[in-house]
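For clarity, chains are labelled A, B, C and D in written order, and residue numbers in each chain start from 1.
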């Protein structure tokens, strides 16, 4: 397996790399959405504390 | 020890959505007596009655009926309770008589009894039309007629007086008095003043933070 | 025995304990998944010899097959969490389910896209109503249904429990869908194409040098799912316990 | 239980206006296909099984979206859940009444559709049997969908998303039973599988529907 055949994937580069690219993109996207979910959760907990603090 | 037909609520904390309602509720209603729940709108009256009927679970606290918690009662608890909510619970396309017959099928032979000596709310006295064509007061009378036939010992009534006329309120007074004399128990939530004949064993004020 | 077992469940089912204890486990899974995927890619893309029939195009199976497997596994995971949540009323189970659902949908999407990217060189079109791709497509709609249902109630608990019921019924239906789509495909076998390269590959004895990267990738994806679902579940359990004391401390201390 | 069924059927008869709507929907959609694809009998008979089954599936979603909605709105759902009788049985009676309200007209209309789509008459019995089993499964699924979304206002959009993936096996076997019959092949295999699916649904779905109703009222 030389570098050149590696990149060209024996002529299938047009299909192999987008497939792995899409897979990688989605799996990283999952991480981003998980981080955003955590930020939202922490924010809502803080908001809940404030509203609770206001009530007598 | 809790006697037969005795409702005992300890340290009940109710939640609606994200708000905790009222304060810890402690209530004991003996056999043959009823509790009267008052309080402004949104103070949790309806939520309390729904939780007592098994719709929804309290955040904390224990509800015991005749010595056993609702969890211990399990499915059998359904036969013990008659619940009258904001909604009448009757089918608009059926006539009053047919609604009574339908409720009898739902409740089954054990949960049904013929009111003696004479019914306070007589379905046959109402016009024989589909209930959707009756007035709100008449529909309320149909659902109270269904309640009258219920053999369930625990009655949970949420705003039962709405849209009742003067002698309707008196009739409800008589109905509830007869149920209590027969050894039943009840919890009533209402805005309107109760008929003078009914004296609640305890009055629970919801909505004020102790 | 059952004492230890139920103690283990009660310990893990308590949200505060889960919130603290799941963090180290999440890190372990993350490291293992990173290493496994790296090794799997190296094995699959570099070491494995090209397939005599499909040349290097077959390498797409190293992302297609593990993600297809994950999409099925996670749906069963949803149903099991739903069952636990409904029967024992463990709030954490519903949090795990609503954490896992989007990940499962993502893996199903990966399967569909990589599957069609594989179909193009083999049959000349991106989409082929092949049995596996079709049932994967239906599985994708099942995922969307479960996620949509769980988010359409303003009372989160009702949403969780309704989605749990749908996930359980869906999980019972998945094998039926697979069987019916397979039967449907054999009926129309002649209509679309001669052989089925998917089948050709998986049932014949795959050379070991091609097989081990597949298993390593599978391990990598499982650990990736483990790390991610624990991370998302921590946020989901916070969202379900906003007014509790432990949530305050958990958020207070970063 | 037969009393309960009698009451349900009387209710359907009384409110027959909104129970006929799905049937009219079914016939209307079926009549659109010749307009869209041209009247040639050969083509129509080719696509007929697919058209009838997709049409029946959509009609059942329309028909059963509000199966429990009316009970929820007028409060009788609360009384149903408080009834000491097993909720699964009450749900089953409700489902059977709903099935009668949709599938009986559909089965009676089958000859009309056979005419429209130039079906060869000998396969009408296969069409009827398959239609009865298919509507049976679809009614059960519709009841489950209605119970899951009973508390929601705009469930007509959500319901198809929930139901159609679950209904695909019924669609495949239902349509292909008639397809095979049309080609003169033996349609018994898909019919047997369809019957098996129906009984599986009959065993599982009422339990799930009862659980969904309890979830909706937080029992």
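Just so it is clear, a contact is a pair of C-beta atoms (placed from the backbone, for glycine too) under 8 Å apart; a residue touches a chain by one contact, two chains touch by 3 or more.
Owing to the predicted nature of the structure, the values given are computational and were not obtained by experimental measurement.
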Remotest chain, chain B as reference, centres from CA atoms: A
Centre-of-Cα separation between chain C and chain A, whole angstrom: 15
For chain B paired with chain C, centre-to-centre distance based on mean C-alpha positions, whole Å: 48
Distance from the mean Cα position of chain D to that of chain C, given in whole angstrom: 32
Chain centre separation (chain A, chain D; CA means) in Å: 41
Shared-contact residues (touching 2 or more other chains) in chain A: 48
For chain D, residues contacting two or more additional chains: 218
Residues of chain C whose C-beta touches two or more other chains: 155, 242-243
Interchain contacts (touch definition) - all pairs: A-C, B-C, B-D, C-D
Parts of chain C lying in touch with chain D, wherever the complex brings them together: 86, 138-139, 141-142, 144-145, 148-149, 152-153, 155, 157-158, 161-162, 165-166, 168-170, 172-173, 176-177, 179-181, 183-184, 187
Residue ranges of chain D in contact with chain C within the complex: 144, 148-149, 151-152, 158, 161-162, 164-166, 168-169, 172-173, 176, 193, 197, 200, 204-205, 208, 211-212, 215-216, 218
Chain A contact footprint on chain C (complex, rising order): 41, 45-47, 50, 55-57, 59-60, 63-64, 67, 102-103, 106, 109-110, 113-114, 117-118, 120-121, 224, 228, 231-232, 234-236, 238-239, 242-243, 247-248, 250-251
Partner chain C, residues of chain B touching it in the complex: 17-18, 20
Chain B-facing residues of chain D, complex: 3-4, 7, 10-11, 14-15, 73-76, 78-85, 90, 217-219
